[in-house]
Amino acid sequence: MLRIDVNADVGESLGAWPMGHDARLMPFVSSANIACGFHAGDPDTMRRTVELALEHHVAIGAHPGLQDLVGFGRREMHVSAREVENLVTYQIGALWAIAAARGGTVRHVKAHGALYNMAARDSTLADAIARGVAAVDRSLILFGLAGSELIDAGRRAGLRTASEVFGDRAYLPDGRLQPRGEPGAVIHDADVVASRVIEMVKSGQTTAVDGSTIAVRAETVCVHGDTPDAAELARRVRAAIAAAGVVVAAPE
Amino acid sequence: MLRIDVNADVGESLGAWPMGHDARLMPFVSSANIACGFHAGDPDTMRRTVELALEHHVAIGAHPGLQDLVGFGRREMHVSAREVENLVTYQIGALWAIAAARGGTVRHVKAHGALYNMAARDSTLADAIARGVAAVDRSLILFGLAGSELIDAGRRAGLRTASEVFGDRAYLPDGRLQPRGEPGAVIHDADVVASRVIEMVKSGQTTAVDGSTIAVRAETVCVHGDTPDAAELARRVRAAIAAAGVVVAAPE
Amino acid sequence: MLRIDVNADVGESLGAWPMGHDARLMPFVSSANIACGFHAGDPDTMRRTVELALEHHVAIGAHPGLQDLVGFGRREMHVSAREVENLVTYQIGALWAIAAARGGTVRHVKAHGALYNMAARDSTLADAIARGVAAVDRSLILFGLAGSELIDAGRRAGLRTASEVFGDRAYLPDGRLQPRGEPGAVIHDADVVASRVIEMVKSGQTTAVDGSTIAVRAETVCVHGDTPDAAELARRVRAAIAAAGVVVAAPE
Amino acid sequence: MLRIDVNADVGESLGAWPMGHDARLMPFVSSANIACGFHAGDPDTMRRTVELALEHHVAIGAHPGLQDLVGFGRREMHVSAREVENLVTYQIGALWAIAAARGGTVRHVKAHGALYNMAARDSTLADAIARGVAAVDRSLILFGLAGSELIDAGRRAGLRTASEVFGDRAYLPDGRLQPRGEPGAVIHDADVVASRVIEMVKSGQTTAVDGSTIAVRAETVCVHGDTPDAAELARRVRAAIAAAGVVVAAPE
C-alpha cells in the first residue's frame, strides 16, 4: 500500500498577530509542524494549536527555528553547531511540555525556514539538528528535504527520517528546490500539484525544471497554509492523493 | 533527622553577558533553579548550567520567569492565568529537554522574581503556576514562599511542595519578607544568616522585625549567587547548618 | 470654526505579521500614531507607514509602548518613571529618524495601550512620559485621554496637549472609559459614533453610561483600524463630522 | 599636526547585565560608540552612557547592530539592504533623542560586529549603511575599517568618513584583520599596540602578518573595553600616542 504524510507549518501566530488558517487547514493534514516561540508562536498559541491538532487527530511535530522574530526565521544566520543543537532541543522540549499538558506528545521535528535550508546543504548543521533531536527522544522522526544532508544526518544519529517533497515547488536537476523568487518556482494549480505529488509517491521520481527526470523519495509532502486559499488547495491535493489510492497518514 | 534543602538561582547569564558565580556556588547547594530563557538564560547557558549541576550532584530545577529580559523578570506584569500556566509549562519543558540531553531530569520548579512574588499573594496566579507544573509532571516539587498562596496552590494541584525561607532577609510579622529597599531588609552576616536558618529548621519559628515570633516552615532555604562573596556566604551557611546536625539535601 | 483631529494607531505590523488596514484607513485620518518597535512595528514597517502618512498628508506621530511584543504592550507593567521617560524618548527618536529619511517629521506623541492607561491615572508615570517627550522636542504635541493625568502632566512640562475622546467607547460618570470587556463598552454603529463625537466637539459634553452628562474636551478623536470594517467606519465618522461643519485637521 | 581619534564601544550593558568598564575607559577615549538596543544596550543604559560621555567631553556616536541580543550582534545574518538601511536609521534616531535629552548630539556612526564586518566587504550593505546614516543627518561621520567598502560607500553617500585601524590586531597582507581565533591575531602588549598605532598615523603604513608593508589610513583607532585591564591598556596607548606628538581628538 502506497502512503504519504501531508504536513503543514502551523501555530505561526504571535500574540495579537494572527497568521495562517490553521483551523481550516488542519482537517486536511496528517502532521502539524508547530512553531515553538523562536521565529513565531508563543506559549498560548502553541497550546491552542496543540488542541487543534489533537481534535483533528493530526500528529504533533515541533517546528524549531532561528531566534529571529522580525525575520520570521527566514534569514540565514552564522550559528554554531552547538547553538543549533541546543536551540533545537530547547524548542522541542517546550512543545513537548505544552503537548503533554493536553495529553499529546511530540512525534516529529521539522526545522523551519533558514534553519531547514542551511541544514539541507551543510552537514555540520544537519548533524547538530539531528543531535538536538536525538538528545530529547530517539523515537522522534526527523523531517528533511528529500535527498538532503539533513536526511543523512538523521540516519547517522539513529533517527527515523521522513523525506519531504514539495508538490507546489519546481525542482532543480540536482534535487534542490528552485528559489522562490524565480519565475515558475511556485506552482499554484491544485491539479498540477496533486499529480506531481502522486507521481513522486508512485514512481519515486519527478520532472525537474530542465525537463530531466530526477529521483525523489516522497515520505511527506508539505502544504502551505499562509495564503487565503491554502485550505482549499490542501483539500484538493489530499482528495486527489486519496483518489489515486495513496493512503495519507503520519509516518510511524 | 532534621533536614533542609539549600537552593540558588543559577544559569542567569544571557549570551555574551555573564551573571553570577555558578561554578563557585554549585558545591554548596543541593538544588539549582535554572533560568529558562524568558527573564534570563538561553539554550547554551542552560546546557552549561545543567552540566555543572550534574557534575556537583545538585538537583535540577526550572526557574521560569516573565518574558522580560530588560527587566530581568522583576517587573510585575498584568498577566492572565492562562498566560502564566502556559509560560510555566513551556519553560519547564525547555529545561527538561536540555537536561535530558545530558542524562539529567527536572526535579523541582521555582518561579522567578515578579512571578514568584505575585503568586505568593494572588491565589489565581498561584493556581495557574501549579497547573502549569502539574501539566508537565505531577512528581515535580513546587517551591514557594513558606506560608504563601503558592504553597497552598501546589497542594490543591496535588503537587509536593517545598516551603522556602530566606536566612538573609528580614520577615514582617505576617510572614512576608520585608521589601528589599528598606533598612535592615537584607542580612549580610553569614553567622547571623546561618543561625536564623538553623532556628527556622529546628523550631519552625523565626523572629520578625518587630520582635514577634512567627511560624515558618523551612524546607528549602535560598542562598543568593549574584554578589562576589556569595559563594563564601553559601559555604559558611551550609557548613553551619551541617555543624548544627541538620542534613542538607534536595527535597524528595 | 469648530475643529477636531481624527487619529488612528497604525504601523502595528511586525515583520511577516500584518496588522490593521493602514492603507485603507489613512485617507480618513488627520493624525497617524505609528508604533515604534517596542510593542509592535519594526524599522521597515515604520518606514512604509511614514511613507503612507506622507502620501496622504497625515500628521506623523510616535506611538511608544511598553517593551512587550507578545502582550502587544497591553499588559500593565511595574515600570519606573526613569524607565518610562527613557523608553518614550528612545522610541520618538527612532521614528523621528525614520521620518526624516523621507522628509517627514514627528508632530505628536500618543502613548500606547497599558502605558497610555497607566499614565491616565498615575501622575508620576504621566510626568515621566511628558519629560520623555519634552526632552526630544518641546514643540511636540502630547496626546492623552481628556481629563486625565497625562494631559495635566503635559501642561506641567510646557507641552501643547491634545485631549483625546473616543466616539466608540462608553464613558463612566467620572470621565474614564468603561472597560472593554463590559457589555455596552464598545459602540459599533457608525451613526451613533459620529453623533457622539459631534456632540463632544460642539458642546464639550457627552452622556455617561448612567445617563449623566459629563464634560469632555474633544481635541482629537481616536478611530480604530484593527477590524475589517474599520476603514468604512472611519470614512463615515469623518464624513459625518465634516457634514456637521466641523473641520477635521491635525492639531497645530 | 598629526592627529588621531581614539574610539571605544561602550554602553553594551543590558538591563541587569553589566558589560565593560565604561566609567574607567571613558577618560582615555575621544569618541564613544554607544550600543542602541538591538545587539546590546537599552534606553536606561544609553542614557547613563550618554551622561558619562558628556561628563568626559567624549564625542557621542551610534553603534548600531543586528537585532540579535543572544548573539550580541556578532552572528552574520542574511539581511537585505532595505533592512540594514532602516535599522541603522532607527538606531541612530533612538540615540539621537536620548542624547538630546541631555543636551548632547550624535557625531558619528560605527556599525557593530557582524554588521561592520559584512559591510567591510559587501558594497551593497555598505551603501545601505551609508544611506541609513545620510538619511538622518549628512553631517554625521561614518566610521569604517580603513580601506574597506564601508569607507568607499560613505564617500559615495557624501558623508565624511573616519578610517579605523586596530592597534591590537594583526593585519593580513590585503588589509583585512586576521580573524580573532587565529594565533597572534590579538596583540596584548600595550607598548607594541601603541607603537603600531603611532607608526600607522605617522607613516600611513603598518606591517602585515607576512612581514609585508601595507598602507593603512589611520583616522581613528579602536580600543577595547571588555577586558579587566582594558582601561589600563587604553591609558597607556593614549599616553604613548600623545608622547609621540600626535594629538588625540574626535574627527571634525
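Note that the chains are named A, B, C and D in the order they appear, and that numbering of residues resets to 1 at the start of each chain.
We take it that a contact is a pair of C-beta atoms (placed from the backbone, for glycine too) under 8 Å apart; a residue touches a chain by one contact, two chains touch by 3 or more.
Because the structure is a prediction, the values reported are computed rather than measured.
Looking across A-D, A-C or C-D, the pair that copies the B-C interface, with over half of its contact pairs the same by residue number, is A-D.
Interface comparison, A-B versus B-D: the higher count of C-beta contacts falls to A-B.
The distance from the centre of chain A to the centre of chain D, with each centre set as the mean of the Cα atoms, comes to 42 Å. Here the CA centre of chain B is 42 Å from the CA centre of chain D. Residue numbers of chain D whose C-beta contacts span two or more other chains: 70-71. Contacts from chain A toward chain D in the complex involve residues 67-68, 70-71, 75-79, 83, 114.
Of all residues in chain C, those touching chain A in their complex are 13-19, 40, 42, 69-72, 74. Contacts from chain D toward chain C in the complex involve residues 37, 43-44, 46-47, 82-83, 86-87, 89-98, 100-101, 132, 135-137.
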